[in-house]
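The two complexes that follow have subunit A in common; it is paired with subunit B in the first and with subunit C in the second.
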Partner chain A sequence: MTINGTDLQIAFCGSAGDGTIAVGDILKQAMAMAGYRVIAFDQYPAEIRGFGKCVSRTRVTGEQVYSMKQQTDILVSLDDSHAIPHASEVRDFGAVIYDNAPMSLMAEGEHISGHLQPGQIPYALPIREISERATGSNRGRNMVALGFVAGLYGLQQDVFHTIIARKFKTKPAAVTTDNTAAFDAGFDLGAGEFLFDEISIGEPPAKAKHEARMLSGNSAVVEGCLDAGIEAYFGYPITPATTIMERLVSEMPKRGKRALQTEDEISAIAATIGAGYAGVRSATATSGPGLALMAEMLGLSVMAEVPAVIFVSQRGGPSTGMPTKTEQSDLNLAVFGGSGDAQRIVLAPTNVEGCWRCAGKAFEMAERYQTPVIVLLDLYLSNRYETVVVSPDEQFEPNMSKPMVKGKADEKYQRFATTDDGISPRAIPGQLGGIHTVTGLEHNDMGRPSDQPNIHMDMSEKRHNKLAKAIDHPGITITKRFGDEGDVDVGILAWGSTFGESLEAMMLAREEGIKCAAMKVVMMSPLPEQPITDFMDSASEVLIPELNYEGQFAGIVSGTLGRPVNRLNMVPGTPMRVDDILAEIRKLAGRDKRDAA
Partner chain B sequence: MSSAPHLVIIGNGVAGNRAAEILREKDKDCRISIISAGPLLFYNRYELPDVFKGRQDWRDYLENPPEYFSDNNITLRRKSIVADVDTERRKLVLAHREEVSFDQLLVATGGSGYLPERLQETAHLTHQFTTYRSAMGMYRDLPKGGRVVMLGGDMIGLDLARTLIETGYHVTVVPGDRTFWPHEISAEERPKYLSALETMGMEVINHGEVERIEDTTGSAAARRVVFVSGETVAADVVVTQYGLAPMVDFMSTAGVDIERGLLVNPQLKTTRDEIYAAGDVCQIWEQESNGYRFYYGWRNVRKMGEISARNMMGEEVPFETEVDEHLIIKDDGSIDSPFWEYSA
Partner chain C sequence: MSAELKEPVYLEEKLKDIQDSGRLDFRSGSLPTWCPGCGYYSMTEGVTNSLNELGLKNENVVCVSGIGCASRFPFFVDVYGFHTLHGRTLPVATGIKTANDDLTVVVVGGDGDGFAIGGGHIPHAAKRNVDITYLLFDNGIYGLTKGQTSPTSSQGFKTSTTPYENREQPLKPLMMVLSYGASWVGQAYAGHQHHLADMIKQAIAHRGFSYLHILSPCVTFDKTNMTYQNMSMAVRPLPEDHDTSSQMAAMREATKTDAPGLGVLFREDRPTLGDNLDAIARSAGADIKPGTAQAAE
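Let's turn to the complex of A and B:
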């Protein structure tokens, strides 16, 4: 039941205001501090408090994984009305922990005990009463439940104490005291309970050479921005990208940098491009609706060859759509959005560490190729947490501009000159001898407007060809193959957060004897055609799973390469299920579940 | 909510599960719910001594796999304790404050381990052997080859004692009023049966009434049994086996007749038409003795489950035992009991 010694997924489910997300946060921080690898993902309602369901899931492993488990090992109910629909997510012989002494009378079917599957193990405890005894209030219910889990599975009590103290250090001391007391009361109860399940927490992995940090996708983006030396940020809040701005607004002034909330997304992208024009590393962050507003200005960045970095965290769409649900349906907008042939670089990290790396590399690329670079996340990746280990030796280039070099006195500087490496030398406003007019109009190599056919064709080709070099940009993996080498029955091409589930499905398929491989594709534009072609050549069937209705990446791949692919598309608002991908693999490999079993 | 009748069984043992099986056979559409105070699926308690033979995964004791309940549309409510039965409204009130309606009710809660009042204060220093969890608790506390002192020595305990001896442990039996329970042994016959226990490898001591149990953790043995006489016996584990007491407290306001157990007619119906009882919890009217009596053992209990279910479905079948209840001494000098039989 364990993989690599430890593989335990714990879910807390409650109503907004129950402290569900808070207790999940303490759990994942504590497990990371104890040395385990963690991936965690929270789901919460759009409302602030008092409505809607919150679910906090944490998967604890010995080695880093990039997807949540299909079935939860432990479900804790802090609100039965919300937890009941999730009871079936718990595997056979997994634990369901709930309050057996709620405040009021319940009608038949309202208590979770009547909804457990026969194979699940119930742990009924008076959560509210324990909280009241320990703290004088029922507000510690979440901590009682967390303590029970920690006690039941023999987790390190002192590590939780440290994390609780850290979490509430800005609150009055009584908050830490009460939360600790509630935790300890639950811990004692859990430690005295009988553990019916054979699953257990193994020893943490050997200490990594470098410190493991607990980061969400958005916080990794922020770290990447700071490590890359971001100098200016302009943004307008929108779920699920807002936390990028919140953290940058907090961190950048400490480093003498500027972050500004603009009046809307159009201003944000305009200011970002303006700062890029002025030679400043700048970025903005938004979601699909914001990117739609930015599309026109993106064209300016392309045409004027001005660096700009845009972080886009996708959510359910179109329009306002489903702001707190995940989706991968802005790929077409990111790759193609805008007027004209507006070529740009689009990177789509597949995990949290990748968010950090893509963020930093986006600045390098934007400067190097003088183009907008979109880093495409989604809500699942933005909000999920993972333990991340990055070597301090891995650093971003502080400046990758190709600067204007002062030539002979009679030599004219050509801002948009065609050069051997495809990149025009770039002057910064104020630079003596430079050219500082910029326009969205098509222009000649001096930057002067022109609609001559040959100029438009040459400039279009120049803007297109320079991006191809990004495929070989140093220090970033744009595609990577996993699983079986050589010819396989099924090859999975996956991008973004769905790659994690694809990887796990691929590994499970291999355990069933299916020859299978998975390729993650990080660079969505320009498309790395050669490695993708090679991968497709090795697979009898190619599967592209993605969280959008129309198969946007599948459309790009099959349209660009003229190759048939098998699509797996869905828009549930939640991460794709490993089982769904696995079922498709089995089907493509000519096996049904019975054969596999 | 379905309009099909809701048949609720309180108790997740042999009687309750046999009844559920028969009810489903007879009626494919009715709602069947089993309410259980324990956390596990129905398992074979009679085989629990096997934990000392290395069989320690509780799943190995399951009578049915989890999918059996799903496939047969039987709802299991575990860790649910019935606090009250409102017969007028035909509702159960569970301890977690949820009401559950029923059309017919079968009470099959069995019995809990009986403990004499004088020992209740030190109950935490003793073990019982009634559930998987308690069996594992005893297994974990008992060092290999260690010494068990068994107070009482009912037939459940003596079955355990047989296995303990077989697997290398030392067993000392402190006999009492309920030794050999549920067999009723006359004073004249008692010595020969106690002697049989010694033949089976048990040490039988008679120091009179037990006064208390002492915690001697840290010394050679973790417990000490102190007798009123002043004598003492050291033990690694003290297990109490004084028979079972019917679990009927929650039925006190249900409007049915209760003596020690629920009183039922030979059709296992209580004094209310919609409430039946089966297993160790009920006393059945016996014409011959003109009184109510308990019937114990796997075969009796299983049959009660079957009979009660058939009668809930409209039949009028009386319960008749087929078990010869005599305790016997075999040729090798050991005892054997019909209550140790647990398969058809």
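Let's turn to the complex of A and C:
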């Protein structure tokens, strides 16, 4: 898919310590500054320090896209042993850039030049030598390689200079000088090289109306929290959610807000609920294992009708699972986890901008509907970077609480009063005339414990029905259809980060002439049944791709709506491959035979 | 023989005296549901009297409880209440206090709620010096679930879950809480109601994490160990020369569980969680004046 003439994906491969992630970071920042749209995802090992394999992929486009490409245009090897497995992902006429170290020094099969496919264009450079000549050290190898890519594809040199200076501004000046020198040496070499590639980078798109920010999913969550006026945060470190807390404990105090590291996840959500009860916007963030610990407290938040916002970044499970690998296997826990009938709101953003919006909307919804709201991310979404452009006009409501209205003097305040919209006016501690006790016990409209049959039935209905209003909550798109309109052969229903790959696969299928549409579902609970039903009605076959073993969303959709769906489930620990979704689409559209022939 | 006749006491006048004293101002319309003779009645009296004497406004007080007999307490007082989950009182109270420093937060719980399921939270509330009051009613038994062994049950105690006798050594909560760094630690006995009330008042008045250990017999499920008879014989006031600023002196008294010493074991003044969070905000550049609480809107 080529948009606006520009669609370039660059992968750097190397060992931890080669500066692989660092050059990837400079590349994406520079491209964003030049006005392009960027999506980038780094993969690195769980080891704190070691010789693990790092891959930093950056896709540069004219308009924002929401997935990586299946095929990479440029592969840069900073360590052949780690780059060799990725050689096959480079497309025809794509560039493979590597060090021309003498092969005699390496064992057979260790040099990447022996692994290139016919059609891939090799660029064997004396990377180490250039680095040593430019800086007196071989530590600038990564910058030489980056400079070569920039020179070869005609990227703007001055933007890179700015970003390099910014990245190393806290280091001694020599660091910036050396890195710039290494970059320039590589750039000059690349600029003089003949570009065999048919793709060259187009002009950046017309300047967007609003400034583009380069954010990861987790940092977008942080921005959303701050923009929504978060007052209190409580958290316990857990991969891949920790960076949310690390940024909040740094940013919130600057604004006079309070953030605290608690002793465990149970106390994190308990304090979040305590602060919510005291009337402030509060949140916590965790991953699947932490959410499992929080499940009982979610029930308290439901029963006592106290707002709470919980960010969950999923990783491979069950149990400790795969802490640095991505998965979508905590959906059931997020939607159903806990004892009893504990309905709650669950939002699952599909891209980084969505992380920002869902974060802010979660506070509005928790406050409005007096309920826990879970925002479900996954490691892929948490850690990947995208350029985000949000209009400054788009703001979150600072207060959506339905406050207690002072009644007559002799009228006793009813915290859980039955109302037309199912939402009871709420008093917060410190408010005169609003004294009440909330409890995890079933209770009457005064909040007094009661286990009478009619009270439990009425209160269960009240707690359930009030959430239906969230489906029409303003300012957030909870389902959206893309691709062909009307009846289609294949309809893809996707959620979370997998929607990006689904969208890409859907567009490729349409290029092949398959009538195809994709719908993203952002609100996982309560399920927006009507738009999903309409979408399923329009498709001969419905496909639900997701990164879990049994098809958790497929289970919810088919269970709730009573319809058959086709599942595509994978648990590789990495994002779903566009090719795999595309293959499934072809199969469902009856096209797989033609391809085989 | 009494030497002289006193003026007769009329019930109506007595009632009026009580009402005028404000002692009932913090009582809710609901009557306690505990067994007759339960030590928790002393708590109700002690807490409501203390809140009144400290001149607090009902709406500025929050009572937090967990699960257990003591945990029904918020329903019997006319203040904001949060009846939370088993063992989770302290983190909820920490959240409330973090959100609004102006609230007076009183946490009520039993030995099971505090030292079994909730045991992991006490050290952290104490070390952070959250400005809350923790009233722990120790009856050495699980009463609400009808008589199972608790972390403070005595050795040899036969309960429904230790039918052959409890062979484990009971915890020594006072020693634990002292070493956790609680900034106010005291002990009282439900049988000495006026002393208890005074201790509750001191605990609430303390700025920081105050822990009051209250020995409170369960008249229904414990007929042999922590009975009023046994406890009344065992308890004693702390020595008059007890040094409340010395952690070592407090620790020595805390070891004497056979003859529990009643009074303030330890107290110190140090910055609270709120103070520290404000200091952090100031070092981050926020405009927060020392000593002013984050205002509730």
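One rule holds for everything that comes next: the second predicted complex is superposed on the first by the 585 of 597 C-alpha atoms of A that agree within 3 Å, B and C clash if a C-alpha of one lies under 4 Å from a C-alpha of the other, contacts with A are read in each partner's own complex, and residues count from 1 in each chain.
The rule we apply is simple: a residue touches a chain if its C-beta (ideal position, glycine included) is under 8 Å from a C-beta of that chain, and two chains touch if they have at least 3 such contacts.
Everything quoted here is computed from the prediction, not taken from an experiment.
Q: Both complexes share subunit A, so when I overlay them there, do subunit B and subunit C fit or clash?
A: Here the two partners, once superposed via subunit A, fit next to each other without clashing.
Q: Contacts for A:Phe234 in the overlay, against subunit B (first) and subunit C (second): which applies, first, second, both or neither?
A: Second partner only.
Q: Going by the contact rule set out at the top, does A:Pro102 touch subunit B (first), subunit C (second), both, or neither?
A: Only subunit B is touched by A:Pro102; subunit C is not.
Q: So, A:Gly274: does it touch subunit B (first), subunit C (second), both, or neither?
A: A:Gly274 sits against subunit C, while subunit B stays out of touch.
Q: Let me test your reading of the model: by the given contact rule, A:Pro392 touches which partner, first (subunit B), second (subunit C), both or neither?
A: neither
Q: Please tell me which partner, subunit B or subunit C, touches more residues of subunit A.
A: Partner with more touched residues of subunit A: C.
Q: Under the stated touch criterion, which partner chain does A:Gly562 make contact with: subunit B (first), subunit C (second), both, or neither?
A: Once the two structures are laid over each other on A, A:Gly562 reaches no partner at all.
Q: First (subunit B), second (subunit C), both or neither: which does A:Pro474 touch?
A: A:Pro474: touches no partner chain.
Q: Tell me the contact category for A:Gly486 with respect to subunit B and subunit C: first, second, both or neither.
A: The answer is neither, since A:Gly486 touches no partner chain.
Q: Given Cα centres, how many degrees, to the nearest 10, is the angle at subunit A formed with subunit B and subunit C?
A: 150
Q: Now for A:Leu441: first (subunit B), second (subunit C), both, or neither, which partner does it touch?
A: It touches subunit C, and subunit B stays clear.
Q: With the superposition applied, I'd like the minimum CA-CA separation between subunit B and subunit C in Å.
A: The answer is 53 Å, the least C-alpha separation in the overlay.
Q: Could you list which residues of subunit A make contact with subunit B in one structure and with subunit C in the other?
A: none
Q: Considering only the defined contacts, which subunit B positions touch subunit A in the complex?
A: Listed in rising order, the residues of subunit B that touch subunit A are 1, 39-41, 57-59, 66-70, 75-80, 94-101, 133, 136-137.
Q: Of all residues in subunit A, which touch subunit C in the complex?
A: Residues 231-232, 234, 250, 253-258, 260, 262-264, 266-268, 270-280, 282, 296-297, 300, 304, 428-441, 448-449.
Q: Using the touch rule from the top, collect the residues of subunit C that touch subunit A in their complex.
A: 30, 58-60, 62-64, 74-75, 78-85, 88, 90-100, 102-103, 120-121, 123-124, 273, 277, 280-281, 283-288, 294, 296-297
Q: Flag every residue of subunit A that touches subunit B in the complex, lowest number first.
A: Its residues touching subunit B are 92-93, 99-102, 104-111, 113-114, 116-119, 121-124, 194, 196, 198.
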